[in-house]
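Structure provided below as structure tokens; questions to follow.
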Amino acid sequence: MKNIIVKKSYKDLRSGLLFALPAILGFFIFSLGPMIMSLVLSFTDYRIVNEPVFIGFENYINLFTTEGTLFYKAIFVTFYYVILSVPLGVMFHFFSAILMNRKIKGKALFRAIYYIPSVIPVAASCMIWLWIFNPERGLLNYLLEMLHLPTSQWIGSEQAVVPSIVMIAIWMAGNTMVVYLAGLQDIPKSLYESIEVDGGNALNKLIHITIPMSTHLIFFNTIMGIIGGFQVFVQPMIMTDGGPGTSSLFYSLYVFREGFEHSRMGSASAMSWMLFLIILVLAGLFVKLSRKWVYYASE
Amino acid sequence: MKKLKRFSGLVGVVMMSIMMITACSNSKSADVDDKANKEEVANSANEKEEPVTIKFTYWGSPVEKKAVEDNLKKFEETYSHIVVDAEYIPNEDYLTKISAMVAGGDAPDVAYLFEANALAWAGDGELMNINDFLEKDPDLKREDFLDNIWYDWAPGKSLGTNTAVEAMGLYYNRQLFVEAGVSVPATAEDAWEWDEFIEVAQQMTIDANGNNALSSEFDATNISRYGVQFGTWWAPYMAMVFSNGGDYINEDGTEFTLDEPEAVEAIQRLADLINVYHVAPSPAQVVSMPSPVVGLQSEQVAMMIDGQWNLLDLGASGLDFGIGVLPKMKESVTLILGSPTVIFKSTEHPDESWLLFKWLANPESGLELHKGGLWMPLLKEWYEDPSLVAKWAENNPAHPKEYKSAMMDQTLNNGRPAPIYYTNGFVEMDEIVGAALDEVWLGKRTAEEVLTEISDLVEGKLKGRY
Amino acid sequence: MLVSKKNTRTVVGKVITYLLLITICFLFVLPFLWMIRSSVIPLHEILKMPIVWIPENIVLSNFTQALTVLPFGRFFMNTTIILVLSVMGILFSGTLAAYSFSRLDWPGRDIVFYILMTTLMLPSFATLIPTFLGWRSVGALNSYLPLIIPNWFCGGATGSFSSVFYIFLLRQFFMGIPKDLDEAAKVDGASHLRVYFQIILPLAKPAIMVVVLFASFSIWNDFLSPSIYLNEVEKYTLNLGLRLFSGMYNAQWNLMMAAATVVTIPPIILFAFGQKYFIEGITFSGIKG
């Protein structure tokens, strides 16, 4: 018995490594090198025009202790964004996928419309949304006024700027819906049929089949939402430049400014690695928690 | 098996394409390498015989790009031994790109550069001291240039001047003012006092029912046309701060002085235009307006305080517009600004780089851009000699009749350099100041409160005066 | 009794579905409609209030201007080349790796997977300059190599995500496929390669479609890498080209919208056709029962 098991494990080892070879190679060539270099840089004073000078943990310490440091604000803004956008996004797109999966006419059209925002070039999307958010002439307030609902200053307001950016993110994430949609296709119809036979209704189907069978994708999208959410950069850079005040100073914008506008690449590298640690811890926690509720059909 | 065949077929096609692309780009870089080698040999042998290639990077709108390209072509024709490898980089990516180039040791020879980076990199020894070239040059002297446009990072060390002079001005939709029967002052002597200015702005601000801001039925929540629009970045408010007798830092560069009464008053007055008098749109509204020019054209705004460069669009728009001097608080001034062109110290061809630099500085060669309204000349004589003035500031759509007195003379005589020229640490200070002032523009706090509060913090970032 | 109850429920269910979908899609599509509308009117009419959805004078000059000021056809071609080659690379290395991490059991498998995942968590800025320097040292600047090659090893960064993302995605999908089929095939003596090709890949078509979409979306919108590695305007990608429009002193919205419209149409058409083929009609013929 023992021999067979051992053999199997090693046999798969060869294939396993072989199959994963491109990715592993890629990691070593394209990721590991630059990552190590940036880690080293984070311990130096490197301003692009000079030779890096080793300064130990100074960059990291400065992050926390410099007077007026924006580190905490940036973390806060980014956390706020992630806490808003990830649950909202996951739920919204998941239910949209369910809707799009039902037997209705015009499915293709609905799906295409849902997907369009994600192919509009980001530069153009930002312009469009700038107009949508215009307090006086923009589409949103226009619609809200017509419905006699309260309006907002959107990206011009310190409170509403992050939720506004969340809105844009949800609008642009048509491909998340597609992920769920694809997953829904993989759910065997037989499972639904058996519930119907037992007299179950749509709600039962949802709770007992659809959601559990999609947990592996919910897990995926949540993790990616967290990882991606912490790295949001383009919208704040183009639309708000961190404002009003510092209420939309996303962490990656903060890093970009430090590294390129202030030319302090060493410090920026340190900031990036701080974020890395934070994401690592959070993602790790989430993965551990996920064991409890994620179901893999292959296990 | 079929799948495998198809798969390998695909792989084959892909490999081929990759090889093709590699070949193409390799041959290109091979060419460049060859050229570089040839130059090395040539340079050591004979100075001006073999073609020298210098690298130049720049940004700008498509119009600017074309004008610069034409300009460079003329340069190459005049100096047949020099080839300019010009690389256009879009403004938003310019910083990342040029940082990457410098980091990789591939810095260009001559380049546009943002003010802050230019000063920082010069301090680190990365840029040439233009004064050295000027001293040796027979034709061009430092005195030929305007006074207030030099970026000196240390006494006697200058990285250059603006690429072109820019200043702040007041633009207006002439038709609207004719209808209202109001004339806009075009000389420093006639400049509006601040209260006069507020009144004019109120008169020109109209709500959806046609009432202007002076009337008792004015509905400030439903404005269809604003009297004036101004940006909330440092240029418009510093112009007013200067006008009121204030400054960004003190004489010896040890204190941050925006919290002094004159500066505070100037900023507060500007903010009041938005929140108290409702004659100017708030930043949230401004950020989503396509461009100031469009605002004037579509009559959403009657007047605009912004930079000289808008003339390019204004001239091309066909709008009948006028230029006036900025309203004054104590003195009539304007603010001079403009990012520099620099020469990198790492250049292997300093003499040729200097030739390009000189060429670009000469208004004659970049005449199209001056006529088009984007640039103002760097050299004094183009402001003083009538025949030269006529070449760029007269008889074209970008320069209405008031231009000479309202903008040209004003810049020459009453132009004050922006703080970025002389404040070491400006970028970090402005980051804090800009963010803090947002609350003032929103009308939530007063300028005095905010500026006093951040004063120490900002001063901590001040490294001195250049 | 059961039948009529079911019918009402179905009808109500359908109506609700339609209502929700129409509302959502209406909101989603409005910005797009505005984009198209703004692309056919002159600049100063864009912000006129109240909003004119169907403009009176339609101007096509925006298109001609936008497309001639910059070589958008060229940009489109460039982006397509990069896209196709990169996506192929991602599919190649990604599916292989995902198979290894989900279907094969070998010592150290999960550790290696998690190590690879960590590359996702470092913001791409941190590695921007080091990666750039690396490519420079092999003379690959001003070419498409830095944009394409890494994807063949799932090691590149497309947009803001490292391509390792796709390994993760595919692994998740693969893990959702029951193992019975593999086992059956292996009992029949199939090698891993065959299982990979003939069983997993076909079943994972939805996942592959998703990867194609995601990767395309990412590469389409990426401007950071192209801006650093490409020196000549003719080599630019679409997004980079679009950013050319917002030069330092101008912002011509009407032209931007025109260009963006042109750029958006092909992917939409592609998606509209592709989604039907890939997402639907994949039945588990082997799994029923």
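Order as written gives the chain letters A, B and C; numbering starts at 1 within each chain.
We take it that a contact is a pair of C-beta atoms (placed from the backbone, for glycine too) under 8 Å apart; a residue touches a chain by one contact, two chains touch by 3 or more.
Just so you know, these numbers come straight off a predicted model, no measurement behind them.
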Chain whose average C-alpha position is farthest from subunit A's own: B
A-C or A-B - the one linked by more C-beta pairs in contact: A-C
Separation of subunit A from subunit B, taking each centre as the mean of its C-alpha atoms, in whole Å: 36
For subunit A paired with subunit C, centre-to-centre distance based on mean C-alpha positions, whole Å: 15
Residues of subunit C touching at least two other chains: 46-47, 49, 92, 129, 133, 223, 243, 245-246, 253
For subunit B, residues that touch 2 or more chains besides their own: 92, 96, 99, 103, 289
Shared interface positions of subunit A, touching two or more other chains: 131, 134, 136-137, 259, 265
List of subunit B residues in touch with subunit A within their complex: 92, 95-96, 99, 102-103, 116-117, 120-121, 124-126, 223, 281-285, 287-289, 427-428, 431-432, 434-436, 438-439, 442, 457, 460
Residues of subunit C that touch subunit A when the two form their complex: 2, 9, 13-14, 17-18, 20-21, 24-25, 28-32, 34-35, 46-47, 49-51, 92-94, 96-97, 99-107, 109, 112, 115-127, 129-131, 133-134, 150, 152-156, 160-165, 167-169, 172-179, 192, 196, 203, 206-207, 209-210, 213-214, 217, 220-221, 223, 238-239, 242-243, 245-246, 253, 256-257, 259-260, 263-264, 267-268, 271-272, 275-276, 278-280, 282-284, 287-289
Subunit A residues within the subunit B interface of the complex: 47-50, 67-68, 130-131, 133-138, 153-158, 238-240, 242-246, 257, 259-263, 265
Touching residues on subunit B, where the partner in the complex is subunit C: 3-4, 7, 10-11, 14, 17-18, 21-22, 24-26, 28-29, 59-65, 87-93, 96-97, 99-100, 103-104, 106, 224, 289-291, 294, 297-298, 300, 307, 309-310, 312-313, 317, 374
Parts of subunit A lying in touch with subunit C, wherever the complex brings them together: 8-10, 12-13, 15-27, 29-31, 33-35, 37-38, 41-42, 96, 99-100, 102, 104, 108-125, 127-129, 131-132, 134, 136-137, 139, 142, 171, 175, 178-179, 181-183, 185-186, 188-190, 199, 201-202, 213, 216-217, 219-220, 223-224, 227-228, 230-231, 233, 251-252, 255-256, 259, 265, 268-269, 272-273, 275-276, 279-280, 283, 296-299
